[in-house]
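Order as written gives the chain letters A, B, C and D; numbering starts at 1 within each chain.
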Amino acid sequence: MANLTFEKEITALVVIDPCNDFISQGGKVWDRLKGVAEANQCIPHMVQVLDTARRAGIRVFYALHRRYRAGDYETWKYVAPIQQAAWKRKTFEHGTWGGEIRPELQPGPGDVVVAEHWCSSGFANTDLDLQLKKHGIHKLIVTGLIAHTCVEATIRYAAELGYEVTMVKDATADYSDKEMYAAIDVNIPNYASAIVTADEIVAAISLLAGAKVGTQS
Amino acid sequence: MANLTFEKEITALVVIDPCNDFISQGGKVWDRLKGVAEANQCIPHMVQVLDTARRAGIRVFYALHRRYRAGDYETWKYVAPIQQAAWKRKTFEHGTWGGEIRPELQPGPGDVVVAEHWCSSGFANTDLDLQLKKHGIHKLIVTGLIAHTCVEATIRYAAELGYEVTMVKDATADYSDKEMYAAIDVNIPNYASAIVTADEIVAAISLLAGAKVGTQS
Amino acid sequence: MANLTFEKEITALVVIDPCNDFISQGGKVWDRLKGVAEANQCIPHMVQVLDTARRAGIRVFYALHRRYRAGDYETWKYVAPIQQAAWKRKTFEHGTWGGEIRPELQPGPGDVVVAEHWCSSGFANTDLDLQLKKHGIHKLIVTGLIAHTCVEATIRYAAELGYEVTMVKDATADYSDKEMYAAIDVNIPNYASAIVTADEIVAAISLLAGAKVGTQS
Amino acid sequence: MANLTFEKEITALVVIDPCNDFISQGGKVWDRLKGVAEANQCIPHMVQVLDTARRAGIRVFYALHRRYRAGDYETWKYVAPIQQAAWKRKTFEHGTWGGEIRPELQPGPGDVVVAEHWCSSGFANTDLDLQLKKHGIHKLIVTGLIAHTCVEATIRYAAELGYEVTMVKDATADYSDKEMYAAIDVNIPNYASAIVTADEIVAAISLLAGAKVGTQS
C-alpha cells in the first residue's frame, strides 16, 4: 500500500456531489447507483471519512455540480453529451430536494463550498484551485460521486494542477461494475498516488491531532 | 451516428503525442501498444486523417508530452504515478529519436505545435486553449496516443473548456482492450459528441473545400 | 480610431460589478467614485451601451465580485491587499442592497451571470471563459467598475486568454484621475484593441440587425 | 513596511524576461528602458536579489516571453496590441542574442525555466502555476521587466491564483516614470502584499539558512 502519511496543514478532504439526486432514495439517479453504492457501503463510508476528517482537523471542500436552472443550456452552441443528459434530466434542479446535499453530509462550520461546476471536474471553471491554495493545501483525499465522471475528472484535474491525490474507493459509486472498473482500476491509478478503503484512510488520518478512529455514523 | 458537419473555419485536428517512443518500432512503449495499434491500423489511420485534414483546410494542432530532461522531477514534492513512470522510463527523452515525431506525422507549414504538457492533458499548463481561440476554433477532431491517458485527458479537458469533440477511435491505441474499452466505450462518450472511424471522419471532412477523399498513405 | 466592426454572433458585452455599493447613492464606495463617475456620465453611458447591445442582439455577460459572507477570509493563509480591503469593508455584502445590481442595469432574459470572482478579474476562478466559448464569443465590449482594478484585470485576462477587447472609457469610473489615467491611458491600450466612447460604441453596434441608435435612459 | 518574513520552503523568486532585448546595451527595447533602469540600478539589483535568493536556498523560477518565430502571428484572427508590437519588432527573436538571457542572470542548477508566455503574464498559458505547486511554493518575490506590462500582469495573476507577492520596486524598469507610477504606485499595491527595495528584500531573505547579506555583483 502507498504511503498514507498526511500533514493536517496541507491536506484536505474533497467531497464531490453528495446530493440527493445521486445518493438518496427517490433521487433522480439513485436507482442507477444504488446497486454499487449499497454493495460497497458508499454512503456510510462517505459519512465516516467526513466525520473523521473533521475530527482530525482536515479541512473539507465541497465540489458541487451546477444546480439545473431553466435557460442554462438553450443558448449554448456546443453542449457535451454529459451536459445534454443533465439538461434533459434536470439533475440537481435548483430549489428542489434533489439538488440539496444529503443531510448527514451537510457542510459544517469552516468547510468550504466552492462554485458549481458545469461538466465533471470540480476544478474546471470554479474556485476550487484558488480555495485550496488560499488554505495551503497540497494533498487531497477524495470521496463522492460518480466514479467515472465527476470523481475521475476531478482527480485527473488535481494531478494535472499539481496536487497529490488519495482516492477512497469504497466511498464512491457508479452505474455498474464496468464503470467502477474503468475508473478505479484502469484510469485513476495513473493520477492518484493511493487508492484505499475508507477504513484505511480513517486509520491514517485518525492519527492526526490525537483524533480517535471514526466509526460509521 | 452523430452529426458530422464541420465548418472549416472553426474546426481543428488535434494530434496527440505522435512520437517514436509510442508508435515506432524500437520506441520505449511501442511493444506495449503495438497489439492494439496494429489491429486497428492506428498509424495509417492517423496519417490518413492528418493528410485529409490538411487538404480540407482544417488547421492542425500538435499536443506533445514533455520531452524528458534530467532534473525534471527531482525537486518536485508531489509526483503523480504517471509522472513517476515517465521519470523512470525517460519517455520522450529530449534530444533522442524517441522524443521525435514519427516522420510521416511531422508538422507542416501552418500547423501549430503547442507547449509540452507535463501530465496527460494537452490543455493543462500549455497554450493549447489560447492557440485554438486565436484561430477561432470550437470543434476538435482528435487522434493520437494513448487512449485512456493523454487522449481521454485532452478530450475531458476540451469538454470542460467548452469545445465540441469528435474522437477517431481507430486512430488511437492502448496497452490492451481493457484500457481501450475504458476510454472509448465507458468514458469518452460522455465528453465527445461523436466517436467515429477514420473512414467516417475522412468522408465527412473531405466534403470541405472540395477536397478529395483521402487515401491511406 | 480602431476598426469598430462587430459581428453579432461572436461579440459580447461584459458588464463588470454594476452593484449599488459601487454606483448608487449610499453605496459603500460611491463617495470615492462619484467624482469621476458623474464627470464622465458613467452610469447613463453604462445603461446606454447595455440597452443598445440588447437591441443589437449582442449577448450580455455579467461579471460580479464575490458578495461578502462572514467567514470568507478568516481561514485564508494568504490574503491580497485588495481582498483585505473587501474583507474590512464588507463590500457587496451578501443579502444587502449594496451587493445588488443597480436597478436599470439588471440582467434580462438571455443574459448570462457568471460565478462571482474573488479578486479583480472576472475570468479568474469563474466560468466566464467557459460561458463565452459556449456562446461562440471572441470579441468583448467592456463596461463597468472599477477601471484600474476589476476592469483592467478583466481586460488583461481577456487578452491573455485570446479575446479581442473594446473598452468603453466613459462607461467606467475610478477614485480619481490618476487611477483612470493608469488604467485607460497607460495600461489598457496594450491589451484592448480599441478604447472608445459610449457614443462611438453605440454607433458601431447599432448598425447590427438594423437596431436604432440607443439614447441615454 | 509590510511583514517580510519568508519561509524558505514555500518562497520563490520569480525573474521575468531578463533578456538582452530588454536589459542589455544593443537590445531592441533597451534604449526605451535605460533611463529608468540606470536611475534605479535595475540590473545590479536584479543580480543582487538573484544571488542572495540562491544563497538563501530560495528556488528561482524564470518567466520568459515567447521568443519570436516567423509564422507566430500570421494566422491569428485576434492579436492584442502588445502582441502586434512584439510581432512588428520581433522582440526576443528565436536564435538571436536579443532573445537570450543576460549573462549574469542566467539560470543555474535547480532553477526552473517555465514555458514561454504569449502576452504579458508569466502564468497565462504556461506551466508556472504547476511548477510553483510542485515545489510547494506560496510566496513570490518578483523582479524583472517591464513593470507595467509583464511584471504587473504576472503579479495580478499571482494574486488571482492565490499567491502572496512581494515586489522589488528597484529591480524593475519601464519606459518612463508615468508607467512606473501606474504599476508601482497605483496598481500593484492592490495585489502585492509588500513593495520593497532590493536592499530590504536582501536583508529579509539573507536571514534564511544563515546566508550572508548579498552584495552587488
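Throughout what follows, a residue touches a chain if its C-beta (ideal position, glycine included) is under 8 Å from a C-beta of that chain, and two chains touch if they have at least 3 such contacts.
Quick caveat: nothing in here was measured; it's all calculated off a predicted structure.
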Contact tally winner between A-C and B-C is A-C
For the copies chain C and chain D, the interface residues, called same if over half of the numbers are used by both and different if under half, are same
Farthest CA centroid from chain B: chain C
Per the C-alpha centroid definition, the whole-Å distance linking chain B and chain C comes out as 38
So, in whole Å, the Cα centroid of chain C is separated from that of chain D by 29
Cα centre of chain A to Cα centre of chain C, whole Å, reads 34
Listed in rising order, chain C residues that touch 2 or more other chains are 77-78, 118, 124-125, 129-130, 133-134, 136, 138, 160-163
Among line, ring, star, complete and other, the chain contact graph is complete
Note: in the complex, chain B contacts chain D through residues 59, 71, 75-79, 109-110, 112, 115-116, 118, 124-127, 129-130, 133-136
The residues of chain A that touch chain B in their complex are 77-78, 80-82, 118-121, 124-125, 138-139, 148-149, 152-153, 156-157, 159-165, 178-179, 181-182, 186-187, 189-193
Residue set of chain C touching chain B in the complex reads 129-130, 133-134, 136, 138, 160-163
